[in-house]
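Handing you a structure now.
In order of appearance the chains are A, B, C and D, and numbering begins at 1 in each one.
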Amino acid sequence: MSERIDFDQVREVIRIAAEAELVELDVESPSLKVRVKRAAPDPARDARRAAETDTEAAAGAHGHLETIAAPMVGTFYRAGSPDAPAFVREGDLVSEGQVICMIEAMKLFNEIQAEKSGRIARVMVDNASPVEYGQPLFLLDVTARA
Amino acid sequence: MSERIDFDQVREVIRIAAEAELVELDVESPSLKVRVKRAAPDPARDARRAAETDTEAAAGAHGHLETIAAPMVGTFYRAGSPDAPAFVREGDLVSEGQVICMIEAMKLFNEIQAEKSGRIARVMVDNASPVEYGQPLFLLDVTARA
Amino acid sequence: MFRKLLVANRGEIAVRVMRACREMGIATVAVYSEVDRGSLHVRMADEAFCIGPAPSAASYLNIPNIMSTAELTGVDAIHPGYGFLAENPRFAEIVTDCKIAFVGPPARAIELMGDKAAARAQMQKSGVPVIPGSAGVVAGVRDALTAAGGTGYPLVIKAAAGGGGRGMRIAQTPEDLPGALDSARREAEAAFGDGRVYIEKYLHEPRHIEVQVFADAHGTVLHVGTRDCSVQRRHQKLIEESPPPRMRDRITSALGRAAVRAAQVIGYVNAGTVEFLVDASENLYFMEMNTRIQVEHPVTEAVTGLDLVKEQIRVAAGEKLHFTGRDVEPRGHALECRINAEDPRSGFRPSAGTITAFVPPGGPGIRVDTHCYPGYAVPPNYDSLIAKVISWGRDRDEAIMRMRRALLEFEIEGIHTTIPFHLRVLDNAFFRRGEVYTNFVQRRLEMDAL
Amino acid sequence: MFRKLLVANRGEIAVRVMRACREMGIATVAVYSEVDRGSLHVRMADEAFCIGPAPSAASYLNIPNIMSTAELTGVDAIHPGYGFLAENPRFAEIVTDCKIAFVGPPARAIELMGDKAAARAQMQKSGVPVIPGSAGVVAGVRDALTAAGGTGYPLVIKAAAGGGGRGMRIAQTPEDLPGALDSARREAEAAFGDGRVYIEKYLHEPRHIEVQVFADAHGTVLHVGTRDCSVQRRHQKLIEESPPPRMRDRITSALGRAAVRAAQVIGYVNAGTVEFLVDASENLYFMEMNTRIQVEHPVTEAVTGLDLVKEQIRVAAGEKLHFTGRDVEPRGHALECRINAEDPRSGFRPSAGTITAFVPPGGPGIRVDTHCYPGYAVPPNYDSLIAKVISWGRDRDEAIMRMRRALLEFEIEGIHTTIPFHLRVLDNAFFRRGEVYTNFVQRRLEMDAL
């Protein structure tokens, strides 16, 4: 009766959390909200966790990824022109206001800027593919700082 | 009548959490919100659980009142004629096969007999009122014996 | 007009009758079996009485409990719907004896048409064309061989008490005859407790065409258009339409005249359906008469604008027909698809269970008759019909495209339905051209491709 | 014919247009706001694009995102439905400039009829009767007083850019005039960013009668019957019917002729509705023309058998009208009740929320158009229309009884709806007699009795 959860996205979030060895990871998009908690390697903290019911306390320093979503309908481009290098790559640090991609709509190329500083954890859309409003384009680790 | 939970999606979330050996996994979509928490097995607690369910089960097996239901549609009469005494009253002991009421259907008076012995705990229908098939007429305490 | 009417049925037809009553300001009484407590016809009724456990024999066929309910609730009419007690002359008689109006024909008409062999003889006597065959029941093999002389081969053996293809056998040659006769009898005996059979000429690729007739108690008998029910599987109708495609007016009127005659000679009253077979050379043969409202009556309602159930009730109340021959000029084209709780991908196996999602189609030219809703549990005890989708269009193509559109948007989850089957038929080239005979399903559809 | 069509709308009308497309074999593209992700029009479309957040201005009125979607999906036609961008001439122009067919009239026709004062002047010039009043916009009080000389009192001040009664004031005497003029202007300025107003004679107990017209690009203009929309609350239509009760053929044809003339003089193409007021002495006055498909178009479809939306698409594709004047002879009578998510028991306050139970009515003569289903959450951001129930009957009484029956069986839980209001209207003696004027709701219904 209603749209189904996109389990590929859920798995992807978990994979990212594992890669980054995070204890906790929240990702939220208009249609999906995922929170992952992974058992920490430290047995001492493990014990504490078992005792504690409050997750906040358990969550020490953990990465927090935010999605950068498409602000308009159009075609997503990673670079300013076919032969130019991509504005950003996975792992790059970006600062607020930096251009990270372009969306072409009605023959107009619109520069999309990062609204926060952080590290590009993942590029979620292929170059030159259509995007709808609110579609996640990047995952940004806002805890990463230069 | 309302939209039902899609349990396949719930199971899928749990499966994913298990595969990834997560401590906790929340997934939220517009139509469904699932929170999974997985903990290391705790034998002590498991034992408590088992004990609890046992006692519940024991308590559940204590119903001793049985209903005598109408075997046909018709008019319920407690006595053989307007001026005759009622076949049975609350508190009376009845034995299997004893006539306890009559149901008039299509101008025919059908004697209804007790299928078990016991004590009439309650008469559930007023005299001369219509009854439908399967409607409870009496509550019978089958543990009471003469 | 009646004040209160009891519907001695369940499912979509019980809902259909109650809708008619509500539109006429008549109070309704529902009867139901223990498994039908949550059914829509119970929720829609002004009063509802449980009359027995799930098995039909103990509930919907339980005449004493139904009549007791009628008495206790003080109804002045009973509508039997179709199936169950609808064609039981004894029930019609009992209802009438209780001074309650039976919304259907007189018991004697039900009885006559219920005996297929007697009906056939009666029709033949009255000049209604019948399929060449035995004069009534065949006593034994010699009798059968004599009849075969008149019909030629192949021939078909049918149960006198029959219906739905049970107790039916085809004999290709004189050698087949004894064996076919034997098994037909045994099956008839088992199915109807009546082993009598008769013989008919076998027709190659006939069409199943039926005529809706209506008679009031004042001597007026009218035919209300024809329906083509050739899309059948094992003699079970699956799709009906009106008017029949590619049928010349000359044949349509001949069918109408024959049907009216059939109704007249037996003093018929109320709604009835006369079923004919029409062969390749446009010969028409009387098959049987159904003395009740049909499952497929909505296609006739769609093209004529009449409300056949309301008309049934008016006629039962002694009123004259509220329409004339002119009113029943068909407008446009209508189709009905029967949505059954069956799995067409595995031999149409019944698929009872709880309907988890149910979103019926809507929009222009679409009518849905159903007793289902989200969360409704389809019991395994009864007929598998869960919904009827009726589409109307200015022409047959529009009606077909509308039906296709409607079935594509019909969401039913939790059980299997015959919707995939219907979609295949609607896309079939022969069906699109209207080249449909009673063997269409077995000959033109690859079921495994479903 | 088109291969792929984008529906620039939401709700029941988006579903309606997609049904037409499916019946014509045209692929569909839905656009939706973030709150409409689960809406039926999204699930029904072949492709769906999110075009913005909940507020209309950022989504359903977001021309760039809609046109980008049209480009990315490669559609060859756009249907605007009603409301939102349907009567925005700029949108029609942009669509056409992109070499995409706009399923509606030419931009200039939308623009002309969008300016109520200009439209009125144009009609007057063309001999279409209009309500006596000012020649176009009134500049100031002196101007207004002059106009008042022609109209007499009471008179009504209307916004040139108006609609839905906003920027409308009644002046009983010359003394009222300056104040009324003032507030009308302020309200118009606030509502439409355009404070221009004009003056009309005030009519006592008029009926709201509208004519459905249809024109193709080959010069044919036909009227497709009339609708009575006098049951209104604060200028919002609640019940529509066709044909209008107690209306003489002479008036009906006069309305038809006037409507066709109105469409002809502005070179109109596609479906449109010309709204008239008809006073007690059967004078008819042009009010305005709606240059789009109407919410109430199904009542016309019910009595004519036409599919107006399919016809819109054919005309947009350059085809000639598929019907003639003879085809539109109305058959029977039809009503439409608008089911809104509002609480009639507390001033029709909007009642957004999740629909926990939703069982639409069915059976003979009933059509339901809706985008809702069990579990659907009605967002607070848009029009409160959640379903339209259309009933058809052989006569007005049958149509009324059917509508009553259908609304009684319509189960909607979780939100309030206007169903109780409609049931009161259907039982009202004046309504039953067809004595309905635009003041019916305030004059004949005691709302507190709901």
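In this section, a residue touches a chain if its C-beta (ideal position, glycine included) is under 8 Å from a C-beta of that chain, and two chains touch if they have at least 3 such contacts.
Everything quoted here is computed from the prediction, not taken from an experiment.
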| item | value |
| --- | --- |
| Relative to chain D, chain with the most remote C-alpha centre | B |
| Comparison of B-D and B-C (more C-beta pairs in contact) | B-C |
| Distance between the centres, which are taken as Cα means, of chain C and chain B, whole angstrom | 40 |
| Centre-to-centre distance between chain D and chain B (centres being mean Cα positions), rounded to whole Å | 55 |
| Geometric centre distance via CA averages, chain C-chain A, whole Å | 61 |
| For chain A paired with chain D, centre-to-centre distance based on mean C-alpha positions, whole Å | 45 |
| Residue list for chain B, restricted to those that touch at least two other chains | 1-4, 30-31 |
| Chain D: positions in contact with at least two other chains | 37-38, 357-359, 373-375, 411 |
| Complex contacts: residues of chain C adjacent to chain D | 15-16, 19, 22-25, 40, 44, 298, 301, 305-307, 331-332, 357-360, 362-370, 373-374, 392, 394, 398, 401-402, 404-405, 408-409, 411 |
| Chain B residues touching chain A - in the complex, by the definition given at the top | 3-4, 6, 9, 12-13, 16, 20-32, 39-40 |
| Contact footprint of chain B on chain C as seen in their complex | 34, 49-53, 59, 64-65, 67-69, 71-72, 356-357, 373-375 |
| Residues of chain B defined as touching chain C within the complex | 1-4, 72-75, 105-106, 130, 132-135 |
| Touching residues on chain B, where the partner in the complex is chain D | 1-3, 30-31 |
